[in-house]
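Here it is, the structure, as structure tokens.
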Amino acid sequence: MMSELRELYQEVILDHSKAPRNFKFPEGANRSAQGDNPLCGDNLTVKIVLDGARVVDIGFQGSGCAISQAAASTMTEMVKGKSTDEINAIFENYHDVVMGKAEINEELLGKLAVFAGVAEFPMRVKCATLAWHTMQQAIRGTDEVATTE
Amino acid sequence: MMSELRELYQEVILDHSKAPRNFKFPEGANRSAQGDNPLCGDNLTVKIVLDGARVVDIGFQGSGCAISQAAASTMTEMVKGKSTDEINAIFENYHDVVMGKAEINEELLGKLAVFAGVAEFPMRVKCATLAWHTMQQAIRGTDEVATTE
Amino acid sequence: MSTQGLPEAGTAGAGAPGRAGAKAFDVQRVRADFPALRQIVRGKPLIYLDSAATALKPQCVLDAVNQVYARDCGNIHRAVHLPSQRATQSFEAAREKLQAFLGAARPEEVIFTSGTTQSINMVAHCFGRARLKAGDKILVTGLEHHSNIVPWQMLCQAIGTELVVAEIDERGEVSLQDIEDKLKAGGIKLVAFAHVSNALGTILPAREICALAREYGAVSLADGAQAAPHLAVDVQALGCDFYALSAHKLYGPTGVGALYGRFELLDSLPPYQGGGDMIRSVSFAGTTYAALPNRLEAGTPNIAGVIGFGAALDYLASLDLDAARRHEQELFRYADEGLRAIDGVRRIGTADKACGALSFVMDAAHPHDIGTVVDMEGVALRTGHHCAQPVMTKFAIPATARASLGIYNNRADIDALLASVRVVKEMFS
Amino acid sequence: MSTQGLPEAGTAGAGAPGRAGAKAFDVQRVRADFPALRQIVRGKPLIYLDSAATALKPQCVLDAVNQVYARDCGNIHRAVHLPSQRATQSFEAAREKLQAFLGAARPEEVIFTSGTTQSINMVAHCFGRARLKAGDKILVTGLEHHSNIVPWQMLCQAIGTELVVAEIDERGEVSLQDIEDKLKAGGIKLVAFAHVSNALGTILPAREICALAREYGAVSLADGAQAAPHLAVDVQALGCDFYALSAHKLYGPTGVGALYGRFELLDSLPPYQGGGDMIRSVSFAGTTYAALPNRLEAGTPNIAGVIGFGAALDYLASLDLDAARRHEQELFRYADEGLRAIDGVRRIGTADKACGALSFVMDAAHPHDIGTVVDMEGVALRTGHHCAQPVMTKFAIPATARASLGIYNNRADIDALLASVRVVKEMFS
């Protein structure tokens, strides 16, 4: 049992949750969205410098559990500099992996592979995806609050 | 089992239900009340000629099952000419008998003893008491509709 | 032979009985799944002909409820622990089962309620108060259950809308022409009608009524409490905006029902009750509400009940429902003919298309006395106004005796009913 | 040693633990009555510390529900047949059991609902819309569950009443002086407060609050969802006008609750929902309503749920409840001390008088992570805002982890909790 837990809380995740990267808003951000998980109280704001269809810079702020903080932190590292098409492809695989619906595409996910353990914890899927939903909302430029419901 | 049924639907009851006595309103009635059983649709109106504390005349109209019609019919026969105190004493025993809570006081109930079988049929107690509740409402002179709830 | 009893084409999914290729329905096997049928009542095996009031439950429903209480005993949606996770998953799975059963487009269109009554009150409150105004009209029919009358009367009293009634004829049918005329006259913003009448068995032309409502700009609500157990329901094919039903009449637990609502419409409604689970965020400065379906499901729901409802839907899905419905229709016809053949019995509700419930009165005995006598014969049926007093008024009777069918009834049940009715006749004449 | 955990005198019925003559409480015997405790979760026997969310059910509740579905499967109040008779009798017997449990004066003062949430919404709707008007004030406290906030906010939005909040202090207590000041300022027509807080465990001085409300001409409503399982409730001694509770937190089924209302007040309210069973007579010309309790119980109720609730009340009546409550209080203190002794753990809610729930946060880990880790240790507790977001805001935390007690918990459960919290600490620091 404890091995599943180690699988969930991998070093990378603990590390990112304790010292989240890009935990500040980028200068010149032209896109922003807020996300929250009403059932557990997690909330975060993602701001992006979007140039055409490319995420030039990104940062976030907010509070949440280790999974959601680490997910946000690794996400910012992962998407910075990428096009929205590339980002969509990554999120699609990431989402399916944490839902337990697909195998990891290592090439696509890279470091994000550490989130595979989430699939064993259905109640934590939302924690792993909130930041991503919020980021996509920001890119779409809609004003709605993203939620994970 | 059928014997309980014969006990319930005694000849006297069937007879009164088919040919209810005092099934008309007495002339000079100075008291009236309406009763209904919202759950089964039975309803009746009782009118009384009350002289002081004595029921000089009484009649009823309405529709209902055999038990409720026979109860109303036998009631009118029973209370005509009696004082409200006498009537209360009769109803008290009658009520307790049909509820299965007391033995019959033959002297008091007379012909009403045929209703003893109702005690075996809890869902029919209301049928046996609606007319009585309505009559008492009429004597009290309140305007409310009597119900058996 | 009357054609009464044939299900409505298109929504009923049943063909003529005995047609080539139709599988036989194994009612004996089905009966074995219902533990309540194994009991002896008044010295005789129970003959249950009161399914329109509440249906018996198959063992798998008992087992599902039991499993929630004996194992997956956690509140839903909010905890990370395993019993709660399991309960949450079964709860949401039940929503998807009901979505499939009703043919709804999305699971969020299914709101769990405590029953048909609450489903209709929810529409009266949320849609009624938000969208209707004084002078607007609400059309109902003359055969409605009180649950589809009183909420509208209460709304009318609160906000000044008006109730318009499409009366029924002497067979217990509504007239589409009459409904169209009333819509044409203008002002009707909502049409609320029973898909099947609980007092008369009449199957209403639901698809046509919904189409008329839409044509004249009114929203439609079908009360499916009696239809869901007997007809194949497809809310999209019916074209209704709202559909209400109760689990306990559909072989499921008590205290559960559902409201289907077309997504865009449902999503535009304010919440019904306030409380846990229906919010996005609460503060004394201002509260925001959750998305569907949670917004309309305040508080801890009937978790075991909903999961048991899911088990009932699984059970129905495991049967050949077309065959079951043909079986019920045959039985309906058999009972109808048997009752009519008894001198002094008058059937109430003789619509061309009917199912489920057979009401009757007798010259010799009041319905209440019929009920007591047949109960002593071990036959459970219902007597009274069936929460449809306007129907009683229309037929100028105080009440009826009503036999109603479930998938577990067989010819022997009907034979017992007919025999017991003959006992009544003998006894009172 | 803190005096935290001592039940309120007068309503709690518990004395000091270990006092002379106090019977020992046989928790092992009680545990054997709860089938959910026999399961293995994550390879370990379930440690259930989430009773504030929903309590486990004793076998007799399962049996009672089962008996309704397997035998007494009839709708209530209207049929003459035997299954319906039996169900009706058990249903009304449950009302009398709850009357006794709450110390209500008459059975008609007990209205069955689908839960605390519905009970409070019923008062907001029926009392609120009939009796309050724009500008009237409603007082709640800062520790309320969303169920005792949102219905009032919705009412305020609908009719223009205003919400006044008696804030809590850093221990999670309300101030009677503050409440009196607010009442003195005028305009408050209703005081709605939790008898016990679900997030903090605080026991509110219910009797004093109700007396103040009465003194200043306001009606009082106590939300007893968390109090009923832990304190001896006597609505007449408390002097409250309304009392709301849920069966599922009181070892009973889901989808059932009740509203107690003082007869004269309750009897003066208009109906909540319209439908079957709540009417005296229905016609399109005009409908009249039934007497209490039926007027407020529209539609087919949760029959099996209510009867199961009756069985839960019987079960509680079979125990030495004073001893059970002393046992719970000792355990509460034991858990409180154990949690405080772990470095990096901070208890949230440290009122003088508390019971049931122990909230805490940790420096090392977010509550959600605590929940997942302890769940893997087989310990079920709850993490989140507990439907009390204003409490979280007040303490400036996103959420807490909450352990909550039932009569079946023992020291081993608390030891397991403490051990699993130490695992969390190790894991995240």
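Chains here go by letter, A, B, C and D, matching the order in which they are written, and residues are numbered from 1 within each.
Throughout what follows, a residue touches a chain if its C-beta (ideal position, glycine included) is under 8 Å from a C-beta of that chain, and two chains touch if they have at least 3 such contacts.
Just so it is clear, the model here is predicted, and its values are computed rather than measured.
Engineer: Under the touch criterion given at the top, what is the topological distance in steps from chain B to chain D?
Structural biologist: Shortest path length, in steps: 1.
Engineer: Comparing A-D against A-C, which pair counts more contacting C-beta pairs?
Structural biologist: A-D
Engineer: Compared with chain B, which chain's mean CA position is the farthest off?
Structural biologist: Here the answer is chain A, farthest from chain B.
Engineer: Can you give the whole-Å distance between the Cα centres of chain C and chain D?
Structural biologist: Chain centres of chain C and chain D, defined by C-alpha means, are spaced 33 Å apart.
Engineer: Whole-Å distance, chain A centre to chain C centre, using C-alpha means?
Structural biologist: The separation of the two C-alpha centroids amounts to 46 Å.
Engineer: Just how far, in Å, is the C-alpha centre of chain D from the one of chain A?
Structural biologist: About 38 Å separates the centre of chain A from that of chain D.
Engineer: Quick one: report the Å distance separating chain A from chain B, using the average Cα coordinate of each chain.
Structural biologist: Whole-Å distance between the two chain centres: 77.
Engineer: Indicate the residues of chain D shared as contacts by at least two other chains.
Structural biologist: Residues 42, 78-80, 84, 279, 281, 368, 372, 383-384, 389 of chain D touch two or more partner chains.
Engineer: Mark out which residues of chain A touch at least two other chains, giving numbers and ranges.
Structural biologist: 39-40, 121, 123-124
Engineer: For a test of understanding, state which residues of chain C touch chain A in their complex under the given definition.
Structural biologist: Residues of chain C touching chain A: 77-80, 84-85, 88-89, 279-281, 290-291, 294.
Engineer: Within their complex, state which residues of chain D touch chain C.
Structural biologist: Within the complex, chain D contacts chain C at residues 35-36, 39, 41-42, 46, 48, 50, 53-54, 56-57, 61-62, 65-66, 68-71, 73-75, 78-84, 114-118, 120-121, 124, 145-147, 149-154, 163, 165, 246, 248, 253-256, 271, 273-279, 281-284, 287, 298-305, 368, 371-372, 375, 379-384, 387, 389-390, 393.
Engineer: Would you mind writing out the residues of chain A in touch with chain D in their complex?
Structural biologist: 1-2, 4-5, 8-9, 14, 39-43, 63-69, 121, 123-124, 127
Engineer: Using the touch rule from the top, collect the residues of chain B that touch chain D in their complex.
Structural biologist: 36, 38-40, 121-124, 145, 147, 149
Engineer: For chain C, which residues are in contact with chain B within the complex?
Structural biologist: Chain C residues touching chain B: 42-43, 365-369, 372-373, 376, 383-385, 389, 392, 398-399, 427-428.
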